[in-house]
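First the structure, which I've put down as structure tokens, then a few questions once you've had a look.
Chain nomenclature is as follows: A, B, C and D, assigned in order of appearance, with residue numbering initiated at 1 for each chain independently.
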Amino acid sequence: MSAGSVPSGYEVKDPGYPTSQENYLTNSKGILSWAFTLDHKRIGMMYLIGVSTAFLLGGLLALGIRLHLFAPDGILFNNGLFQWLAPDKAPNDIYNQVFTLHGAIMVFLFIIPSIPAALGNFLVPVMLGAKDVAFPRLNLSSFYLWVGGAVFFVMALLASGLDTGWTFYTPYSTTTDSSVILATTGAFILGFSSIFTGLNFIVTINTMRPPGMTWFRMPLFLWATYSTSIIQVLATPVLGITLLLLIAERTMHIGIFDPEYNGDPVTFQHFFWFYSHPAVYIMILPAFGIISELISVHSHKRIFGYRFIAYSSIAIALLSFIVWGHHMFTSGMSPITTIIFSALTFTVSVPSAIKVFNWVATMFKGSISLTTPMVYAIAFIFLFTIGGLTGLHLGTLATDMHLHDTYFVVAHFHYVMVGGTVVSFLGGVFHWWPKMVGKMYSEAGGLISAALVFIGFNLTFLPQFILGSRGMPRRYATYDPEFAPLHQMSTYGALILGVGLFVALFVLIMSLINGKKAPANPWGGATLEWNCTSPPPFYNFERAPVVGDPYEFGDIRWDTELDRYVKVEPEREVVPSETPAETPAHAGE
Amino acid sequence: MSAHENAQEGYDFAHPLPLPLLAGTFLVLTLLTVITVAQASFNFGSLDVLIVMVIATIKAVLVGAIFMHLAWDKPFNILCFIGSFVFVGLFIMATLFDSRQTAKDDIPVLDDAVVAAPAEM
Amino acid sequence: MMSLLGDYTSSKLSVFPKSASSFSGESDWVFHFISIVCVVFFVPIAVALFGFAWKYRKAKGEPADSQTDHNTTLELVWSIGPSFLLVVMFYFGARGYLDMRSIPEGAYNVGVDAYKWGWGMNYGNGVIHPELHVVAGEPTKLTMTSKDVIHSLYIPAFRVKKDIVPGRFNYIWFKAMEPSEKVMSDEELKQLAAKDKEENLSWNYDERQCTPDGYTFYDLYCAEYCGTNHSEMQTVVVVHETQEELDAWIKQYSSRGPDESPAAYGAKLYERRGCKSCHSIDGTRMVGPSYQGSFGTMREIVGGDPVKVDENYIRESILNPKAKVAIQQGVAYQPVMPSYKGQLSDDDIYSLIEFIKSLGDASAAEEASESAADEAAETAAAEDADAEPVSVE
Amino acid sequence: MATTDAGLVSDAHEQPGHGHSDHGHGDHDHPSYLAHHFDTPEQQFDSGKLGMWLFLVTEVLFFSGMFCAYAIFRAWRPEVFEGCSQFLNTKLGAINTGVLLFSSFTMAWGVRCAQKEQHKLLTVMLATTLSCATIFLGVKAIEYSHKWHLGLLPAGLFSYDPSNPHPVGGPNYLAYICAPFAIITAGVAVWLVVSFLRGAKFQFECAKPLLVVCLCFFVGVGLGTILESGGEEGHHEGDHAAVAAVEGEHGGAAEHGEEHSHEKEGEHAEEPAADAVVDLPAAGAMVNESADLAVIERLASDATNTGLQDELAARRAQSQQSAGGILYDVTDDTSATIASAPEDVLRPSRAGVFFSIYYCMTGIHAIHILAGIGVLVWLLVRSIRQDFNRNYFGPVDYVGLYWHIVDMIWIYLFPLMYLIR
């Protein structure tokens, strides 16, 4: 849209204008209009449904793991039911397949696409003020690649399962008779899905910004998405080739990773972690973006240290490529390499810390509404800080020798991935749900879900830190009786966490049925997506949006009569159309 | 938007390269191929790999700068492309560095040790 | 300060297992140092987080008290400040790590062979035993190999861990500081052993909290996922007070005793060398075929005519397990058994054959009564042939 | 990949089904090639170009894995790489390099034509580029089929036997590779005739260059056979009659007759190279082998290292036993066969890894060529339809970029694989 079409002096008095037009959900009907849609919002919604399904499946598998580990010798998979379901499988084998599929599904099918592909797809063009992403068809193909990858995973599950761990370490993965090829093919396809999403976002943000949307007027969610996309584009191809070589290793024995043909398993680990460490940041960086939005909108206060947060996202993206060796400290990597990787690992903790400080500082002297998204955001900061700080124990070599591959690691990454990414994903969904579907949900229900998730999560994973430091190795189907009390505590926590997640799902579904209609701007946000109606029209904006400061809350007021947030007398002028989109502004204001 | 007006005028963003430049580049590339094949029949010892890689890199730069139009492209595109090689370098260097460190005495060739042993004795 | 923390960590309340090696003090100290730093950072963050959330709660629409958007000095301080602590952590971590990687000259060497799913500790002279026995106060070096997949040797009490990568030799060393105690008299042990034998049970380490020789022990785990029985790939470490005591223990296991029958010794090897983790002696199907009543039967194999389970076949199956694929009731076993080439002496193999014979000998029965020649003793053969296409004509 | 490429670049040109009424600004300045969500052709071009560059970045990273494997294994066993490289025909590699460089040149020229709206010339350039691509594949087919015939395969399938380098019989790999191309060629020829008879001008215009392109594959095959045999003509014993006979089944085109005679000579040309390997690296390899054993012996010589001493002794004893054939069927055991191969470098575990990397790198490169052919054919059809103009030449430019990167990868592959001394 050209800024020239905006009449100069145009003022948005009330962004909650009623829509005269159909929105993106209603503008065309029928299942085919969804299946072949090129609209980023619909693709985002389809992704949201897809990843939620994957999350449900992965979550059920996780509950299976926790229930099995309730007793030292396992109680679930040696139960008669499972013996009847899979008579030729030992309980340990079932356990191994369950934890493998839990990991693989959660990583490849849920966390990696969750925020970038579901929320990102919906939000990036709207926040940017664009009509769509740069390559709508690539976007749709990315979704169908995701579906294709998921089909392969399900086929692997139904064929003969997968028992390699999500890491596919050779030579286990080259010798096991489970469906490694199906699963790696699935992961390969999902890799391309992820690459296409990332590529699309980079191009969109680079070339589709409307006049006035300078780099430093972009909401921080876009910075985070941009950083994530850099990683997706740079790291994922290496996973692709690694998995291809693994398939070749299994079928033709190419002898690169398999020691039986004089290949080297440590080389596989280098290849794998060159992708999979940055992938950790694919999972967490978008979460940072969401939290930056949530904290500032619900504190109704300008984000503190915009530039530090923006730059730290980019810094994390780049640093994430030089720390992969910390997954291999005990693997037989040479001592000098190990020490170098340890030193590099510490550098990546600095930008993460910066963000935490900035978020807390944003809340200082704010006007905080303890809404569901805000409570999730606060839970995120609490949990992520624990996750981040325990990373220090693992990055330090002397202690990592003891803690590597124990439950300490399990607890650490769940604090980051679940306490971080999943919690922020939930927070983000609650935050943008009114925008996506145009309905408000029950605030009380949302708060209950947040409380249950917080309590359940901590009860599940705090004991696992102690289990780990006491020496309980991970991926054990059975364990020494001395660990039983902590495991039981963890299982109770998992049940509470599960209930919390179901409450969240229930609240959202109920809102579709009997939620009240959402205003355009239910939280008083200043980014562009709150400028269009809820749900947005097909081309996102009925009138070309006036790009302003994404964190300027000064002109947004609560109107008790209208019972919604309104924009009062915008004091800024319309950005002159001569400003080329590519030129960065001099300041964020 | 102002670009609309420009769009009517013609080559506002197309940048056709002169034919002699393209042909010249092709000739230089062919010449370099001949050189790299020819040098293979001489033995420069450990410099061999270096020489062929330098020649290959010159060729790659020519293809990139002229055929791929990078010399006149947007800085960001150049950054992307060059940047990718930085990450490739990072990946290969670190992995190679580690495998060089450990290769020396920790990696027996399994079939030598086990089965070929009697042949040695 | 180190010793003070050391005392603390050895208490019952500790988050660590017993500290029993020369590394554990240092490792625990670093752990606690990092933990304290973390708490120092975490508590103010958490207090501020919840405090602000409570204190600055406001009614809808009320503007914030401040719209400060940055404070460069403050931000630089909290960006750069913590970095110094990181350097300290790195330094201590790397120092401890280098200790673990510099193997002292003349350390006592034990070979470790990890396989699915068990351990063979090689004490030289053909003594291979699943338990790791070392001497207190003396550096011990483990030379580790694996023939199948990656394993990882982890002794929590010693705070050491190292992956065992097939195709490589990996090393680890430690100095055990706390000797094991002998907590059971020989008579008690004999009684228990007899009871186990009666009930056909193997020694339960967890329940009895001591080894079959009566010593307390430290756990040794496999920490790298390696398949079905990964969680059962555990053994124990016993720390002897003197070299003499260790030597005496080794001697005890050095070979078959003069008056020990091959079958009885075979039974010991069956327990000790990991056979029992895959082969049952009561006919149940495990990862590999059961030994019960298998001797002398005809066995179906993949890609070949059925073979008779005789001395030669068993020997081949031990030395080259992938040569003949066993099939039981139409289902082939997985070719997962590692080769025991070089791991068992001729007498060991002989003893194992005798042991398998003792579990039911179909050929003997056949002679006794003609009718026994049926498929009753069907239980399949050794490990199966490789599915991989072999490159040779 | 072909489809995704097409998806990427074709985003730009097609209009979505939805009506224009959905968005506010006028349609008059939206030409048919400009997608609804872009404002100007330039914005569309820049987006597409950046997207393509990012795609190339992923390609570079994708190949980096294989270059990394190459570097690691070459650093570990340089003598294996040196020895095995002798099996690769430098002449074929060099001619393929030339062919690819020329195709890059015509591609770049094609971009220029699109920008200058020289529609006819653009079609010629694209057809030339495509022809070069198929010539490349034809030469590659010769290379691959030879190696497969000799058993120079990845580690697990490696079956080269220096004492019998030309096993008689076995499938005719060249025929298998050529068969799909022959079918396609026949199909295009039929299409050409039918469209001519039916007077479908556009289809005829498309089929004409495509038939040339298809035939060029067989030109490549012929070129490959000539070069493969180069200089060594004249002496063959004729014990490959069986091979030739099998080849005879798939005859027909004129190229094939030529092919047969060269085929036989080509195999003989391989022989001196094989002998050279046997002589040259064997000495070095022996040193290396004993060095490997020496590692274990050195470790074992440490008096405290009883475990290893024991293992070494036991290994010796056991392998003596097995070598003696007492109980042990050697032919069933891979490692035993490895030991029986007299040439160290040519063991599956060593040479096999070289050929694994060779096939992975050149194979994936060839798949990229195939994908490139796919998108180039699409471009060819569109150029005949005269879709491109000075404001809309993006697809040509993007495919050009892709084609150049494929060339660039080959520029590195060639010296790394073929020119190891």
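The rule is short, and it goes like this: a contact is a pair of C-beta atoms (placed from the backbone, for glycine too) under 8 Å apart; a residue touches a chain by one contact, two chains touch by 3 or more.
If you're wondering where the values come from, they're calculated on a predicted model, not measured in any experiment.
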| item | value |
| --- | --- |
| Chain whose averaged C-alpha position falls nearest the assembly-wide average | A |
| Selected interface, A-B versus A-C, where C-beta contact pairs are more numerous | A-C |
| Inter-chain centre distance, chain A versus chain B - centres from mean C-alpha coordinates, in Å | 35 |
| Gap in Å, rounded to a whole number, between the CA centres of chain D and chain C | 46 |
| Whole-Å gap separating chain B and chain D, where each centre is the average of the chain's CA atoms | 17 |
| Junction residues of chain C - those touching two or more other chains | 167-170, 341, 388 |
| Set of chain D residues in contact with two or more other chains | 39, 43, 46, 50, 54, 57, 60-61, 64, 68, 72, 153, 155-157, 299, 315, 319, 322, 348-350, 352 |
| Residue list for chain A, restricted to those that touch at least two other chains | 2, 206, 234, 238, 253, 259-260, 262-264, 266-267, 270-271, 332, 335 |
| Touching residues on chain B, where the partner in the complex is chain D | 1, 3-4, 6-7, 10-17, 19, 22-23, 25-26, 29-30, 33, 36-37, 40, 43, 48, 52-53, 55-56, 59-60, 63-64, 66-69, 73-74, 76-77, 80-81, 83-85, 87-88, 91-92, 95-96, 99-100, 103, 105, 107-121 |
| Chain A to chain B touching residues, read off their complex | 2-4, 206, 211, 234, 238, 259-260, 262, 264, 266-267, 270-271, 274, 321-322, 325, 332-337, 577-578 |
| Residue ranges of chain D in contact with chain A within the complex | 4, 7-8, 10-11, 16, 18, 22-25, 35-37, 39, 43, 46-47, 50-51, 54-55, 57-66, 68-69, 72-73, 153-157, 348-350, 352-353, 356-357, 359-360, 364 |
| Contacting residues of chain A [partner chain D, same complex] | 1-2, 5, 27-28, 38, 130-132, 134-138, 141, 192, 195-196, 199-200, 202-204, 206-208, 233-238, 240-242, 244-245, 248, 252-256, 261-264, 267, 270-271, 537-539, 542-544 |
| In the complex, chain B residues that touch chain A | 1-2, 4, 76, 84, 87, 90-91, 94-95, 97-99, 101-102, 106-107, 109-111 |
